[in-house]
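As written, the chain order gives the labels A, B, C and D, with residue 1 at the start of each chain.
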Amino acid sequence: MSRAAGPSATDDDRPLVISVPHPRSLALILTDARRRQLFDSYQVVECEPGGLAALPDPVLAAARYIIGQPPIDAATLERLQSLRCIFNVESNLIDNMPYPTLFERGIHVVTTGAVFAQPVAELGLAMALDLARGVSTAARAFREGREAWGGDGNQGARLIGGSEIGLIGFGDLGRALHRLLTGFGVTIRVFDPWVPDAILRGHGVVPATLEEVMAESDTVFTVAAVTSENQAFIGAAQFAAMRAGASFVLLSRADVVDFDALMAAVRSKHIQAASDVFPEEPLAPDHPVRTLDGFLCSAHRAGALDVAFKRMGDMVLDDMDLMDRGLPPMLCKRAERETVARMRSRPVTTN
Amino acid sequence: MSRAAGPSATDDDRPLVISVPHPRSLALILTDARRRQLFDSYQVVECEPGGLAALPDPVLAAARYIIGQPPIDAATLERLQSLRCIFNVESNLIDNMPYPTLFERGIHVVTTGAVFAQPVAELGLAMALDLARGVSTAARAFREGREAWGGDGNQGARLIGGSEIGLIGFGDLGRALHRLLTGFGVTIRVFDPWVPDAILRGHGVVPATLEEVMAESDTVFTVAAVTSENQAFIGAAQFAAMRAGASFVLLSRADVVDFDALMAAVRSKHIQAASDVFPEEPLAPDHPVRTLDGFLCSAHRAGALDVAFKRMGDMVLDDMDLMDRGLPPMLCKRAERETVARMRSRPVTTN
Amino acid sequence: MSRAAGPSATDDDRPLVISVPHPRSLALILTDARRRQLFDSYQVVECEPGGLAALPDPVLAAARYIIGQPPIDAATLERLQSLRCIFNVESNLIDNMPYPTLFERGIHVVTTGAVFAQPVAELGLAMALDLARGVSTAARAFREGREAWGGDGNQGARLIGGSEIGLIGFGDLGRALHRLLTGFGVTIRVFDPWVPDAILRGHGVVPATLEEVMAESDTVFTVAAVTSENQAFIGAAQFAAMRAGASFVLLSRADVVDFDALMAAVRSKHIQAASDVFPEEPLAPDHPVRTLDGFLCSAHRAGALDVAFKRMGDMVLDDMDLMDRGLPPMLCKRAERETVARMRSRPVTTN
Amino acid sequence: MSRAAGPSATDDDRPLVISVPHPRSLALILTDARRRQLFDSYQVVECEPGGLAALPDPVLAAARYIIGQPPIDAATLERLQSLRCIFNVESNLIDNMPYPTLFERGIHVVTTGAVFAQPVAELGLAMALDLARGVSTAARAFREGREAWGGDGNQGARLIGGSEIGLIGFGDLGRALHRLLTGFGVTIRVFDPWVPDAILRGHGVVPATLEEVMAESDTVFTVAAVTSENQAFIGAAQFAAMRAGASFVLLSRADVVDFDALMAAVRSKHIQAASDVFPEEPLAPDHPVRTLDGFLCSAHRAGALDVAFKRMGDMVLDDMDLMDRGLPPMLCKRAERETVARMRSRPVTTN
């Protein structure tokens, strides 16, 4: 269970890390250099998700960090007297540990989901540009010898530059999209009831209602995570309120929209759409969205880039270094007492 | 030939414009509002490209502006005593008028090709993002029920953010691309022998040789117009020098590359490519690039957006207004005594 | 003690706020509109710093927020069963409440010191520009009829644009300075042992050692708060290592530098300096820094702008609104379990 | 008159430059490296302003460039058969050469005044910040032991960040100011009748009338050169229309304002002002502006920095290199047929 370099060397005064990164692996989240850094700077005890309680007392007593989110019962947590931080590298918070006690004891539970913001935002922009210019549709026509040349191929084509953009949600992903759009000279309206207007204005975006975002945008990016409160809050009425020919790009969770209504709005040619997420994944082979013209599909590929996973490891090691020096973590995002229950209710996160 | 509101009204003291916008039309380049502005503020004489010499002397003598590039012989030019500017809305300069005399007399010949920079740059970025993330390839697979989900679908996927970008050419189009990339945190190297290093540095890009651009970029955008000097200057050696897995995006003219060598480099899986221009247009139905995996094709659609054409008319009217007030044109780009011959050698413009 | 609109109305179900903003006042930190908002949305009980324990049980039991940092003993905290947040509007954390219990109970203690970042940064830039161009020195000479005209008055003058900048510290203030310098095309090196390199790089600045910052900058801004660890860590050796003619701008705390060594470095003409903070405040009338040429003095005026104080109130009310909705505070900065002791050691804040 | 390395070596095929940079000198405008480059790459004939006509025919016939603006009569110009460009390094265009012939022959006359934009803009921002925060006034008080500490010293202090800025003029200098203000989050209104709205909007500033700029700005920067048309176009009415407490910063020419009205507006405490230019220079020792509180004075020092002069030489050499290769100049600004007369009427320019 433990490596040779592990804690058996009783005079090893390096801090102890319990590694349970399932469903990720250390190989996924660490570059070679970072892996060496981990094993050089720390005693690392690797264990299986279910194996935590079975670790010897000295290991649990010494453990400063846990990488992963193994189930932890109250008794085991009691034995983890040196624990400073649990690095949840899966991003979703499962309700499998006594959060109130963790908060009381000041043990950080942090997530690394922010690494997905940049890759998801880039795919989102790629999709918006694709819809605006018909890139993939025209590429398919070209492949099949049906292409239209020059202006003939640009019916309905439009620019993102100078257009009006709507963001539903302004977390890490919304902010990454905002950053990518810096050079486009766009107006950005944001609907996010969790983010105060002062913060939105500080970022140079316009606070707006959902209605304003839907009605006054050429492209709407949906980047809000689903909670119990916002199931399918974007439906037929919202799509009908969109500008004719506008684009709806769905990047977070299929559950925030009425997916059938979205397909209907595209089928009627009122709007175009792109989505990386679907009501069921994988999707049925005969699902009608597959061949719906004006609907660009991506098979939940937005975030899962190798470079994103490797950045997880970077963040974990950088935050360990801060906590080793008596400082709070700065790279990973902390679970908050107020919102952890809400975050736990998310079956899968955007990021 | 002339409209009712034309110069027959001898007491009309509005400046006179001869309109010969062929192959464009006033309807293409003017919004309704701009069209009204033109006809309200000016006497407009519309004529066919070959009809200029046949216009009555008073019309020629009074003409302050010509929209279009009709053939003009020396004798006709002599009759155009009030001429201040020829607005070439086609963008290419054809050798059909006595340029030396135009320069001597200080008559501006200006082009409106800058309107294409933004649409071409946006398509270029769309293509680069498509190659980096496999958007159109994955969309086709999804349509056909062959999609790979999540990380399985991201083999070779990479970010543009934080990557190294090469630009071959730094005219309007290169600058537009640079602007679009503002929010991506990229390093941009530029090879453009016509632009002094001080100007490149002033824009925040790194002056570089062609070799450096090819060898040190994750994505190369080719945005240089072809001249007699740079036919096929990017060939097999240059593609071989690129990073494995890098992207080559061709936006200006097919003639600047050895197209066969480009296809070979893609076929060998060394690089990916995207192109909006081709050695022959339209392309033969059986041209092998059509089905070449890793090569994204667009049928010369990058610039020809309605919004771009309408901006031409905006520029023409804004510059007329400046010249009416005794100022030089500022929106359109002037043909230069030094480079007009070189620009004329371009069979087609970058747009 | 309590207003008429206060908690005597037993059927008042508005959340209860205890207001003890000393040494600030509600009038200082709230605009009229914000004051109305506070008193409309909340029951407000105003009390003196020493009067908290004497408040009736129902008030303490109902209090959701405290504005200010009155002394709180363990017994009183026990009575504050609904408390969610203490808004410290003074910015310094005094050791006058049981922080461990606050952390255990998950009661936020937050500070509003971030409001000072923008005004201090603007004064810092003003001082750097003043030293670079001799603004105030030349203005005094002009007043006294001793001015030198044109280039004669520009001995030693230099640009900030394109120069190399060093920041010692990269908290709110360092980031505000970085933002103000966006348009100057400068290279910025940062020394901040509390901020990981990845975060610095993410902001587009260069992580550096103290030695590099001192030796390779044309202007050094010192924006680090003093802690027990960094008393006078910038002294004669550091000043000697600076570039001849460079500027040292001190914005945070006089204690981080050896002030005599700084004066000596200026007196020797090796560097120029500006400071908003001094070893003793107010400063002795005959202190030699007052008339030291090349040393620009400001009497701790950098942060204390009315607009900054009013922003405190904005932040407090926005964060109350978030917490009323079950969300964590986002505008104010939280005291952290790890660093609160260190923050408490600061006799005066950066701002 | 000519250097040893001059054109006497008849087999020297380096292009020939006539150097008459008066009132500048080559030493002023060239770094050592650039001076070497000039003398290595070109035959350089140095002469006095009045000495051009007396140069030997072969020198005049071979001269490709003139650095300076010596008087040139028609006969001498006729002898300058290889001339491509006159580099006016003084910036003002004096009416001492046959401009119409120069334009006909396509000989460029270019100016290097753009080098002053950055230094003048930096001083302008320094002055605006000084007025907003009372930097120099407080420094003088501190020197004299009369300083007010903390908030007591901040009566009337305000931020530039987030404020409304007006620019009168949007040439090189206005654009440099706009760039410096990038990080301040300001709204910028511009009045410049010579610049079309489309160009202003393209820069992200708001086209405005003079009335709007005066009435809706917290700080007005006057960066317009004086022409015969705009003498004293900003007077008592305009100053009265400004916001109470606003700042007026004069950077271009004293003649564009009614200077007495400006002083009166400051004396009445309605506005504050700063100026780098004055109705008479040098100014009378007893001129009342010297001791006028709220009026910050600088003795025409804004542009004349050594680094600016050295950039002149950089531009000259870079443009020579372009023209040697058959390209038009790109760094220096060309005199325009339409505006040269107007530019000549400017007795002195800002830039």
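Quick note on the criterion: contacts are C-beta pairs under 8 Å (C-beta built on N, C-alpha and C of every residue); 3 or more make two chains touch, one makes a residue touch a chain.
Everything quoted here is computed from the prediction, not taken from an experiment.
Visitor: So which chain is farthest from subunit D, going by the mean of the CA atoms in each chain?
Guide: Taking each chain's C-alpha mean as its centre, the farthest from subunit D is A.
Visitor: I'd like the Å distance between the centres of subunit A and subunit C, where a centre is the mean of that chain's Cα atoms.
Guide: 34
Visitor: Distance between subunit B and subunit C based on Cα centroids, please, to the nearest Å.
Guide: Here the centre of subunit C sits 51 Å away from the centre of subunit B.
Visitor: Centroid from C-alpha atoms only, then distance subunit C to subunit D, rounded to Å. What do you get?
Guide: 38
Visitor: By the touch rule stated above, which residues of subunit D touch at least two different other chains?
Guide: In subunit D, no residue touches two or more other chains.
Visitor: Using the contact definition from the top, classify how the chains connect: line, ring, star, complete or other.
Guide: Per interface graph, the chains form a ring.
Visitor: Any two chains that touch count here, so list every such pair.
Guide: A-B, A-C, B-D, C-D
Visitor: Of all residues in subunit D, which touch subunit B in the complex?
Guide: 103-104, 106, 194-199, 314-315, 318, 321-323, 326-328, 330-331, 336-339
Visitor: Would you mind writing out the residues of subunit B in touch with subunit A in their complex?
Guide: 118-119, 122-123, 125-127, 129-130, 132-136, 138-140, 142-143, 145, 147-151, 153-154, 157-161, 179-184, 281-282, 285, 290-291, 296-301, 304-307
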